[in-house]
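Two complexes follow with chain A in common, the first pairing it with chain B and the second with chain C.
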Partner chain A sequence: MPEITFVQFHGARETLDVAVGNTIMFAATSHGLEGIVGECGGNAMCATCHVSVEPDQLHLLPAMTDDEDALLDGTAIMRQPNSRLSCQIHVTPALDGFVVHVPERQI
Partner chain B sequence: MDVAITPPVSTADPFSREFFADPFPVHAALRDAGPVVRLAKYEIWAVARYDEVHRVLNDWETFSSARGVGLSDFKKEPPWRLPSLVLETDPPFHDRTRKVLNRVLSPAAMKTLKERFAAAADTMIDELLGRDSFDAVPELSEAFPLAVFPDAIGMPQGHRHNLLPYGNMVFNSFGPRNELFAEAVRDAEPVMAWVRAQSERKNLSDDGFGAQIHAAVATGELTEDEAPMVVRSLLTAGVDTTVSGLGAALFCLSRFPEQFQKLRANPGLARAAFEEAVRFESPVQTFFRTTTRPVEVGGFHIDEGEKVLMFLGAANRDPRKWGRPEDYDIARKTVGHVGFGSGVHACVGQLLARLEGEVVLQALARKVAAIEIVGEPRRRFNNTLRGLASLPLRLHRTQ
Partner chain C sequence: MIGPAGVLIVGAGQAGYQLAVSLREGGYAGRVRLVGDEQGLPYQRPPLSKSYLQGDGNADLLPFRPQTFFDKHAIEVRGDTRVVAIDREARRVITATDEMLEYGHLVLATGTRNRPLPVPGHDLAGVHALRTQAEAEALRVAMHAADAIVVIGAGFLGLEAAAVAAARGAQVDVVETTLLPMGRAITAVMSEAFIRQHQRQGIRFHLGTGVVRLLGDSVRVTGVELADGTVLPGSLVLVCIGVIPNAELAADAGLPVANGVVVDENLATEDPDISAIGDCAAYPNRYAGGMVRLESVQNAVDHARCLAARLLGKPAPYHVVPWFWSDQGDWKLQIAGFTAGCQIVVPRGDTDSRDFTVYAFRDGRLAGVETVNRPSDHVAARRLLSTGAVITPEMVAAPDFDLRRATKAALS
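This part shows the complex of A and B:
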């Protein structure tokens, strides 16, 4: 399974094996990982699964939809150019070794 | 040779007063009977396990909302009211209206309301702390949404209680034409014209959700006839639901005092405490879908054009999904609960509901040492909503 690494705001790193097809939000919340809330359950409504990705890995992701773009305007910590919603990132074999940074807070 | 498998059948009436008084044994029986169950009384299908409810919610192509999300099939009988442009539609038509509401009720929009809502909650809890005891249903779980929600919409002052019988009627209408529905229609009759008037642009302020919805006419996203209908949807869905949700949270925190003490120790858990109350009580208990094609669910065949009743409340307490589902636990990971639905029709106002819940519970956590139930709580019965008619409480002030 592809390995996804989560880097917490204070620097702690945790790597999870994520089944292809699952979202990064689902992997994080079902593992009980701190810092990713996903309170709407992955329906692209709440912007509480905000992550930023490594700039040199951004090209591995499909372009964001208008909905995701609009939601990122409402994140608790202001969005960065490399911000994404982890509920919209479906894991593929190409994402093995992908790294996401978890913001200081989501709400 | 194909073997016809007979589906499990239940004779329960999930729209009876006996059921509403204590739905949990029937929920358990329906879950245990099978992945789908035939409800003999209404000749419909039902799903009560988490996995099947989640699947039905997330497959709008098979499980349509356009034929009504109540018992009535719009293909077989004319809708009793103009169908909602969001709730009772399917993509792609649905998405146009939904996009407007997503924008109006977005996380960014909620940020602008938070301070005002929190101040209103503080004022209300301060006032209630000054009383010996009070009925928390009218005085808090109804009063708070009625204080902040119509302002957020941009409605004029006055007559705001009229929203309650209107919502009560609409949520009763998703069930059968039973006595509850007849009573609700009688109660709402006098406020129908008032609610219609509130949806018109001329009666709405320039800076609320209502005006923002009407602004979608100028951008070509909605027609002039549609805009007031979309405002009406907000007025319908935004009050009675939140009233039931707040009531659920207050009832939970007063019945589980150790959980309230956990919340006092960490008021940052207010949002989680509200969320867990939504899972635990499931203010919106049920919705229907209609099959658009023959489909197999859990090994059982369902024909095209069949009504499927989803028990959201049963899914939210399914032991196949949740550990200790009968415990109210504010530290629980509630992600994935279906109290706000799921999929394209997931509650569009869920962030607003959470904000209202969060600020009220935060105010309680900071100002109140203990919540005491001082009289017999009474349920309010509704064909869709699980809520309270009365919850007599006393709040003890933090020293």
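This part shows the complex of A and C:
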């Protein structure tokens, strides 16, 4: 399974094996990982699964939808050019070694 | 401020779960117990009438968090435990097995239960309800085998399930006593747009009529008889005619109850040691202009956060713009604010197309926004409403009105 690494705001790193097809949000919440809230359950309604991705890995993701773009305007920590919602990132084999950074807060 | 027995949360749904988490996030070090009457870990209900019903029944996707998370945060989750009474003087609750659980602060997050259908035949095999994961699983399996389904009640739950059944190819009949599906929560314009959309998928509506009895052979349901004598054949009947708030615990303990457990804008009951949150709580909402009781994820989560802050010594009254979503076939309905009963309604976009927005006004100003397949409008509307900016029907009807631009202007 592809390995996804989560880097917490204070630098702690945790790597999870994530089944292809699952979202990065679900991988985090189902492992009880801190910092990814996902209060709407992955329905692109709440913007509490905000992450930023490594700039040189951004090209591995499909372009974001207008909806994701709109939700990112409402994140608790101001969005960056490499911000994404982790509920909208479905893991593929190409994402093996992917790294996401968890913001200081989601609410 | 909270006694040594800590916080006892009765009800392990979205509100109860969130309160436990928010207490720990806020640094509460006392005991936190989350008591529910179902077995297993606390789980999400919204998918039960949507993706879970459609899918292959993967229950692993439903829990909020794994057991290890609750262990790590010292949240004691007790399933299969029904609380039957509150002893306010002794500050403890009594369970169905006569166990006493003491509390420093008691939180009622007891939710609602389905309203029963009071007609003959309601207990036939093949008649389903939908609230718990077990019920969703039974319905999901039964739907595979049914080619004629009758849904009684055209609220969000009934229509979500009806859309799943229709997409499977079943003949679906929906019966509703009012003329407007979901009419308690949305505008008439949106309700009628949904009728047409579901009709395009082959769903048949029977509006403004009641059910007299469910027909069956000796064991199983075979159809539904309406007040005008019409008989709708169906080997599966889903009853979704609304809910009753679980407020008996509060009422029996002498606390005020009126369409739910009555609380103030801090979600406090008359007893300083008892609060109520989520679907079971009736509270004053400034956006609605009176007491409301809402059944939604947003309401549950935001109530929980508000109460956690108060219990942690940082009280702030609950003033939040409500929002809601419902997935019905290809249409994702999203609501920001309170739109039901609004007489002045301005649709933007074609209400027979795949995406449009409906603006609803009360007392001449924007009270809520309903969107179909326009999440970005929905997000902007939530932010716009929270600013309290005065938006009039004339402004929205102007050809060059742009919601995201109006929101940016209101926020700056």
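Methods note: the second predicted complex is superposed on the first by the 107 of 107 C-alpha atoms of A that agree within 3 Å, B and C clash if a C-alpha of one lies under 4 Å from a C-alpha of the other, contacts with A are read in each partner's own complex, and residues count from 1 in each chain.
The working rule: a residue touches a chain if its C-beta (ideal position, glycine included) is under 8 Å from a C-beta of that chain, and two chains touch if they have at least 3 such contacts.
Owing to the predicted nature of the structure, the values given are computational and were not obtained by experimental measurement.
K.L.:
Looking at the combined model built on chain A, do chain B and chain C fit side by side or clash?
P.N.:
clash
K.L.:
Between chain B (first) and chain C (second), which, if any, makes contact with A:Asp17: first, second, both or neither?
P.N.:
In the superposition, A:Asp17 contacts neither chain B nor chain C.
K.L.:
According to the stated criteria, A:Asp69 is in contact with first (chain B), second (chain C), both, or neither; which is it?
P.N.:
Only chain C; A:Asp69 stays clear of chain B.
K.L.:
Given the touch rule stated above, what does A:Cys40 touch, chain B (first), chain C (second), both, or neither?
P.N.:
In the superposition, A:Cys40 contacts both chain B and chain C.
K.L.:
Mind working out whether A:Ile107 is in touch with chain B, chain C, both or neither, as first, second, both or neither?
P.N.:
A:Ile107 sits against chain B and chain C alike.
K.L.:
A:Gly32 in the overlay: touching chain B, chain C, both, or neither? Say first, second, both or neither.
P.N.:
both
K.L.:
Same chain A residues contacting chain B and chain C, which ones?
P.N.:
29-30, 32, 39-41, 43, 45, 47, 67, 70-71, 73-74, 107
K.L.:
Could you list, by residue number, the parts of chain B that touch chain A in their complex?
P.N.:
99, 102-103, 106-111, 271, 275, 333-338, 340, 342-343, 346, 348, 350-351, 354
K.L.:
Write out the stretch or stretches of chain A touching chain B in their complex.
P.N.:
So the residues of chain A in touch with chain B come to 29-30, 32, 37-43, 45-47, 67, 70-71, 73-75, 107.
K.L.:
For a test of understanding, state which residues of chain A touch chain C in their complex under the given definition.
P.N.:
26, 29-32, 39-41, 43-45, 47, 66-67, 69-71, 73-74, 107
K.L.:
For the complex, which residues does chain C have touching chain A?
P.N.:
My answer: residues 18, 44, 46-47, 60-61, 63-66, 68-69, 72, 297, 301, 305, 323, 325, 334, 375-376, 379-380, 382-383, 404.
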